[in-house]
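What follows is a single structure, written as structure tokens, with notes after it.
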Amino acid sequence: MTISLDKPIDEPLDDPLAAPAGSATLHGLSSSDALLRVRGLHVTFTSERGPVHAVRGVDFDLARGETLAIVGESGSGKSTTALALTKMLPGAGAVTGGSVLLDGPAPGDPVLDLASAGEDELRRIRGARIGMIFQDPMTSLNPLLTVGRHLDEAMRAHGVADKRKRAARAVELLDLVGIADPAKRMRDHPHQFSGGMRQRVMIALALANEPDILLADEPTTALDPTVQAQILTLLENLSRELGTATVLITHNMGVVARSAARVMVLYGGRVVEHGRTEDVLAAPQHPYTAGLLRAVPRLDAPYGQRLHGIPGSPPDLASPPEGCAFADRCTLATDQCRTEQPPLRAVGSGRTVACWVSDGPLPLPLAASGAVVSGGASGTEVAEALDGKQAFAAARAADVHEAGDVEPVLSVEGLGKVFKSRRNRVVALDDVSLQLFPGETLGVVGESGSGKSTLVRTLVGVHPPTAGRIVFGGRDVTRPSRADVRTLRRSVQMVFQDPYASLNPRMTVGAIIADPLVSQGLGTPGEHRRRVGELLERVGLDPAAADRYPRDFSGGQRQRIGIARALAPEPSVLICDEPVSALDVSVQAQVVNLLADLQADLGLSMIFIAHDLAVVRQISHRITVMRGGRVVETGPAEQLCADPQHPYTQALLAAVPSPVPAARTAAAA
Amino acid sequence: MTGYLLRRLPSALGVLLLASFAIFFILRAVPGDPVATLAGSDPSPETVAAIRADLGLDRPVLAQYGTWLADVLRGDLGRSYVIGGEVSELLSQRIGKSVELTIGALVFSLAIGLVLGVLGVTVKNRAGQAVLSAINAISLIVPAYVSGFLLVFLFAITWPVLPPGGHVSVLSDPQIGFQYLLMPALVMALPPAAIVARYVKDGLLQALGEDYTRTAKSLGIPHRRILWRHALPNALPPVLTVLGMLVGTLLGSAVIIEAVFAWPGLGTLAEQAVTRRDYPVIQAVLLFMVAVFVIVQLLTDLAYALIDPRVRLR
Amino acid sequence: MTPRGIIGLALVGVLLGAGLAAPLLTSHDPNFQSADALVGPGSAGHLYGTDEIGRDLLSRLLYSIRTDLMVVLIAVPLGLLIGGALALVAVTHRVADVAVQRLFDLLLSFPSLILGLTVTAIAGFGAGSIVTVIVLIEIPSFGRMLRGAILVHRDREYAVAARIGGAGPLRLLTRHVLPNAADPVVVQVAVAMSVAVILEGAMSFIGIGIRPPDASLGGMLSASRPYLEDHPFYALGPLVVITALVVGLNLIAEALNRGARR
Amino acid sequence: KSAVDEKKSSPAGASGQPKKGGTLQIGSLTDFTPALLFTQNAFTAVHRLVFNTLTSYDPKTLQPQPQLAKSWQVAADGKSVTFQLREGVKFHNGRPFTADDVVFAINNLKDPKRSAQLRATAAVVQEIQVVNPLEVTLKLAHPVSNLFDLFEFMIITDKDSVEEAVTGKKLIGTGPFVFKSWTPGASLSFAKNPEYFIPERPYFDGVEVRIIPNNDSLVSALRGKQVQLAIGLNGRDVAPVKTDPQFTVQQYDTGSGAVYVGANVTVKPFDDKRVRQAISYAINRERIVQQSLGGFGLPSSAPWPKSSPAYSDATAKRYPHDPERAKALLAEAGVSNLDVPLAYLNTSTVIAQMIQFDLQQVGIKTTLEPLDPAKFQAQLIGQTMPALWAGSHGFAQLHPATLAVSAYPFNEAKNTSKFSDPAYTEIVQKAWRQPDADSPAAKAAYQDLSEVLLDRQFVIDLVVLANLYVADKSLQGVGQNTYASLVLDDAYLA
């Protein structure tokens, strides 16, 4: 794989679709090499609130065999950009400007502009020259078709007429993506495959007609770290072997560092930074890129290190800001930033940045700066945040309890939970023993289905356990009496994973937060109102939010509402079931910080579940690793991370990609 | 599958038993008396008493139920009070015809519903959509006795290509039988077709919005093929459920269709039996209809399992 | 509200208004029989003619809207109430659940017109029986739908959250689950109303409709049958009104559905 | 191949000569009810196709004519009658017809299970003497004027298969057509009886009866040429074909019964005959005929059709439409603010509404109470009708006495109105026990009967219904007997 990054660009002068003047050298690639040239791409969605300008002039080139990563937070336009390339946008979306020039399959073939191509032409391109892989392997395959049929359909659509040939090729493809016993599995349906295997099938599908370009939209986001690593390796190998150019969309800097030669950072539908991966990740020049990188939790971060969220929220693309989209959240923003759009300018070989202010690499692992705030929209509570930080550090220092030292608030012994339905029987928990000490945060990690949620739901009494004992505050609450349930409900509260599903859409935020108080008959309506205001402020939301409905809030804000609800009855134990898994890194950092602060301030005992070891590590005193319903290892956080005992823990640690592009540089060498 | 059916059997039998009980006692609660019909237009009290005793209607109701149930379990449905023959024979004469009509109507409603539903998804312009809505509304609303009359007036009287009514079995003479079946089945199928169309449309829209449709599109599979081969099967399960429910509705609307088209099926038999209090017949017909409903529910489940590999019959 | 929803509201509203204002809109007594019958549009002060026994059709049409709306507005909420209550019983007790489900199966399996004949034979002719039949038919459809929705919503994360927050079964159901589970019911109400209007017509056809001399849409339609050929206008009136009513209700349902989904 | 052409095999040609062959397609609104084989009922297409009776009335003179009986002698005291039977008549199963069959037929009619309306008359036969296989003498308890009504009514069935006859399995008679099959709810089919005792008859090779239970559909079947004869239609149904020259609408005088309003005389104020008479004046009979019966039918305050010996214009017009008179009568009876139920059969909604309206015009408010047939019949028999009800009765087409002893509403012994009056009983018995139906004494008795009915008005007759056949104009020679049974002996398609 040879990628020449610094050849001068040579645009044909009479190309009407050429990038605006001044950007001629921005793309870092000679057009003779470029397989795909995207110029000034604009995408607009029509929505009830008016047009949403989701992609606002994106330019990039893609060379044969190259891997380009597109990163950016949720809503920045990554998927939209990818879908717009082959005009796969959903009904409400349309490409409203720009060109997507695709070289012919053989040298000398005419260049095709996909942005103006007809549906038939596009259909011939899709799947044949440009393959796509989507985020959710669970829903991306048709549940009613066998895997073989999927592959067959893909090839049939591009004129492979011989049925037997298609079948043979399908087996070959499945083998290629590493599915064991492919001939037999051809007849299986998607639900008979695990998530990782389905993603392999997706990849096989995308590769079925040997496309020149693979668009992979967050191909590993829905997968466990170990599986994620396998899939990334597979993609890398395939791209190397088949010479496929890949556009890899992700919000995971680790994935970028690992797999992409170049990276393009999107924000608010525009490219804010673009360059070689090692350059961008090591020395970001755009404040947003820097912020993003800072928000990423690291396994190797120093003990007690806080995460750095980016305060504020992304711009509303229904009324895009006049100036730089990031200006509102940028600590360096000037008046110019707010009124004028910064152009992409070249800042080195193959490197472009769109910023008025920055003129060099920004400091990366930033020490305490103004940007470190746990608060939400306003982003002004610097002092408070600093207090929080100190408290957090203090709590961390008080640290690890030795068994027998203190009475645990909550302990389980030999907990078992079997789900029985008429046909099958799922052992979700098997002989799980745990202790949670006062003021401690216990992290729980484990892959999907390992029983994390079941564990905590059993703890709070949503599921009755089928074996074992639960002791809370010295009382056996395995089969709680009425009184026990009352104490449990007051003392143990929970924060949920899905910020959308966990809030009753029919209730105002105020009613949601006050609900536990009302349910438990604590206080008067007046007190409820006061407490709701207090709590909203506590979690960094405007008290006026109480009268609004959950649908008016972003994911991060909803998660804060969920936290406020959990805090309402003043519990002593807070259980967080993957509270940040559905959030962007920048928001994740805010929420993790908030939780850490709350824990320290209120002296809560906390169980914190996540599948991302790095996040758990940031906040936990001790970590428990689960697998297949069993606890495989428990230990103090840094000890467990530094010196994992169980092979599964080791694998888990190894699989977490580091946002430092060391691995990739090594591979390129 | 056999295992599944065996497991479902007790519940199915439960419904049937419950139904038999309900039917028997509700019928006895109905004022009026089969004897009134049997006794002719101007009977004398002795006549009435003699007939009552003859039919065993003077015994306690619970005893009557016991006898009837025992007979039914032995496969003896009794004799019609009014028509005179064995109920089983009467039923067997009618069931075939009802099945023919119902299946015909089901096929029509599925076919028309599919076409209208798919059009509802593919037709994009406003005028087209309006026309489709109108067709849907009209087929849902216009009662069978009006649409039936119009069809008969057009195709049997003004332009006589089809018989105005009657029945010839499709099995005995497919060509002629089909001509007899065409209008009643069509009229019967119209309202369900509108309902099917709605479910097909909703299901298709949902399936077309699913990720797997995007996957198919990204593979360059032609739109038409995505629609029919990828999305449609996913849209079918709710359609099946509603079709299963509609079988009951169809059997019900048969009362009118059969009258309008002189189609001697179970509907008119049931209607007559109720109005004449021909207990053995109405009991048998209703029990049969409940059984059909139960069986159709089972078939729906089986069909689900056939269509959707994720569904395991338990 | 979408434009289509507004059209639906307008349609139903106009019909409702016309029905309620029937005495103001027409000077004819809907039950007055004049000796000279003028089936079909005619003069003699009968804008839209008379029926076969000389009653003014226009005023009968207006009054029939009243009748139908009354039937529908009593029957459908009643069906919803009973079906809903049964669904609530079903979701609280396992044993009750089985019983309630079998009951629903049973009700669903009886063909509606046979049910109509039986009910009418027991309870006598008239609106009461029609209401009863509609209620019996709607009980299982509402009941099944609500039962399913409650079961689904009870396992949603927000409901689990409410339980952990300390909500008892009653509060969980009334405050959290029901308001959300009720979404599809809104649509079903409109559907049920159209079903009811259509059923009333079918019952009239087999002679078990609204008790004469009151006018009903279905009764008029079925009385118009012998004149379909010579005086199609007779049938057209009730047909148009029924169509408008059903289309209107469906448009409203569609709009509500969309509203609920957001 | 088309289902439409299939059945249109009616032989063409417009010659006046009867044509042999072909199959007649009949559409009937009602189905055959074998349990009612021995009663007069709505299904009329079997009694005179498969069976014969001993005698049959000449429709014009109302004099009995020979059928299975060749000749007969009635004793002067009217207490016995002797029949000489036709020789060489065979049942469809080949068994010869003999006097034993007459014995059986009479005893059969006496059985309450057979529900025969003329059971009371049959019961008068006390003793039967079989003189020889072709001669039989019946001895009566007392003379009856409607004796030959019984012989017109009484079908002669094969005595060995009667139990199979009342379940519809086997119908064996001596008639022009042999019963082939019956599919309940669908059709009956008959084939020509090649050994029919009338030579050269019948003309048709077969008869098919289709059951078409909906009026419009029956008319459609006729217009669609699916059937050539429709039976059971009422005047309003035939509107689409009334003026169409392709069809003939035949109206029979014998009538198929009469529409009446019954009054329960145990309910006040209907115990007062003036109130009942007021009702009779209040109702516009002419309008009922015009608006609800399509102009077919005879407005009449007496039960008799024109063919009846009791018929007279004066009795028919006794109660003209006179609301003022009605109001006056009500006032005289001191009745005001009357609000009573009016029960009716749910299939005759239109007439009920017209009655209701007319009554309202004279200040009698009624609430309509539709009843389904079974309930209506049960209340009729059980004497549980409310104050007023609307219905129809039969049996006025024959000798007037038959009505008073056989039609339930009029039955002097027990009737729905709970009306009983020694004077009425006496008049009925006198009319019934006439040895000679045509004697002046008998005629006077009938007159008395008419008068008492018209005066007492516990049954308020409104309209004598028309008995309609609607046929393709090519169908000729269709007849019926006084009980409205279809007679196809001489029918053919021109």
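Going in written order, the chains are labelled A, B, C and D, and every chain counts its residues from 1.
Keep in mind that, in the parts below, a contact is a pair of C-beta atoms (placed from the backbone, for glycine too) under 8 Å apart; a residue touches a chain by one contact, two chains touch by 3 or more.
For each chain, UniProt lists the protein as follows: A = ABC transporter ATP-binding protein; B, C = ABC transporter permease.
A quick note: this is a predicted structure, and the numbers were derived from the prediction, not measured.
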The larger set of C-beta contacts, choosing between A-C and B-C, lies at B-C
Rounded to the nearest Å, the gap separating the Cα centres of chain A and chain D is 89
Rounded to the nearest Å, the gap between Cα centres of chain B (ABC transporter permease) and chain C (ABC transporter permease) is 22
For the pair chain A and chain C (ABC transporter permease), the C-alpha centroid-to-centroid distance in angstrom is 49
Taking each chain's mean CA coordinate, chain A and chain B (ABC transporter permease) are separated, in whole Å, by 52
Residues of chain B (ABC transporter permease) that touch two or more other chains sit at 31-32, 145, 149, 153, 259, 275
Note: chain D residues in touch with at least two other chains are 216, 371-372, 374-375
Listed in rising order, chain C (ABC transporter permease) residues that touch 2 or more other chains are 117, 121, 225, 229
A full list of chain pairs that touch reads A-B, A-C, B-C, B-D, C-D
Chain B (ABC transporter permease) contacts chain C (ABC transporter permease) in the complex at 11, 14-15, 18-19, 22, 26-27, 29-32, 133, 137-138, 140-146, 149-150, 153, 191, 245, 248-249, 251-256, 259, 267, 270-271, 274-275, 285-286, 289-290, 292-294, 297
Per the touch rule above, chain C (ABC transporter permease) residues touching chain D in the complex are 31-33, 35, 37, 52-54, 117, 120-121, 124-126, 207-208, 211-213, 225-226, 229-230
In the complex, the residues of chain B (ABC transporter permease) that touch chain A are 209-223, 225, 229-230, 233-234, 307-310, 312, 314
Interface with chain B (ABC transporter permease), chain C (ABC transporter permease) side, in the complex: residues 102-103, 105-106, 108-115, 117-118, 121-122, 194, 198, 201-202, 205-206, 218, 221-222, 225, 228-229, 235, 239, 242-243, 246-247, 250
The chain A residues in contact with chain C (ABC transporter permease) across the complex are 457, 460, 462, 486, 489-490, 492-494, 496-498, 501-507, 515-516, 519-520, 551, 562, 565, 568-569
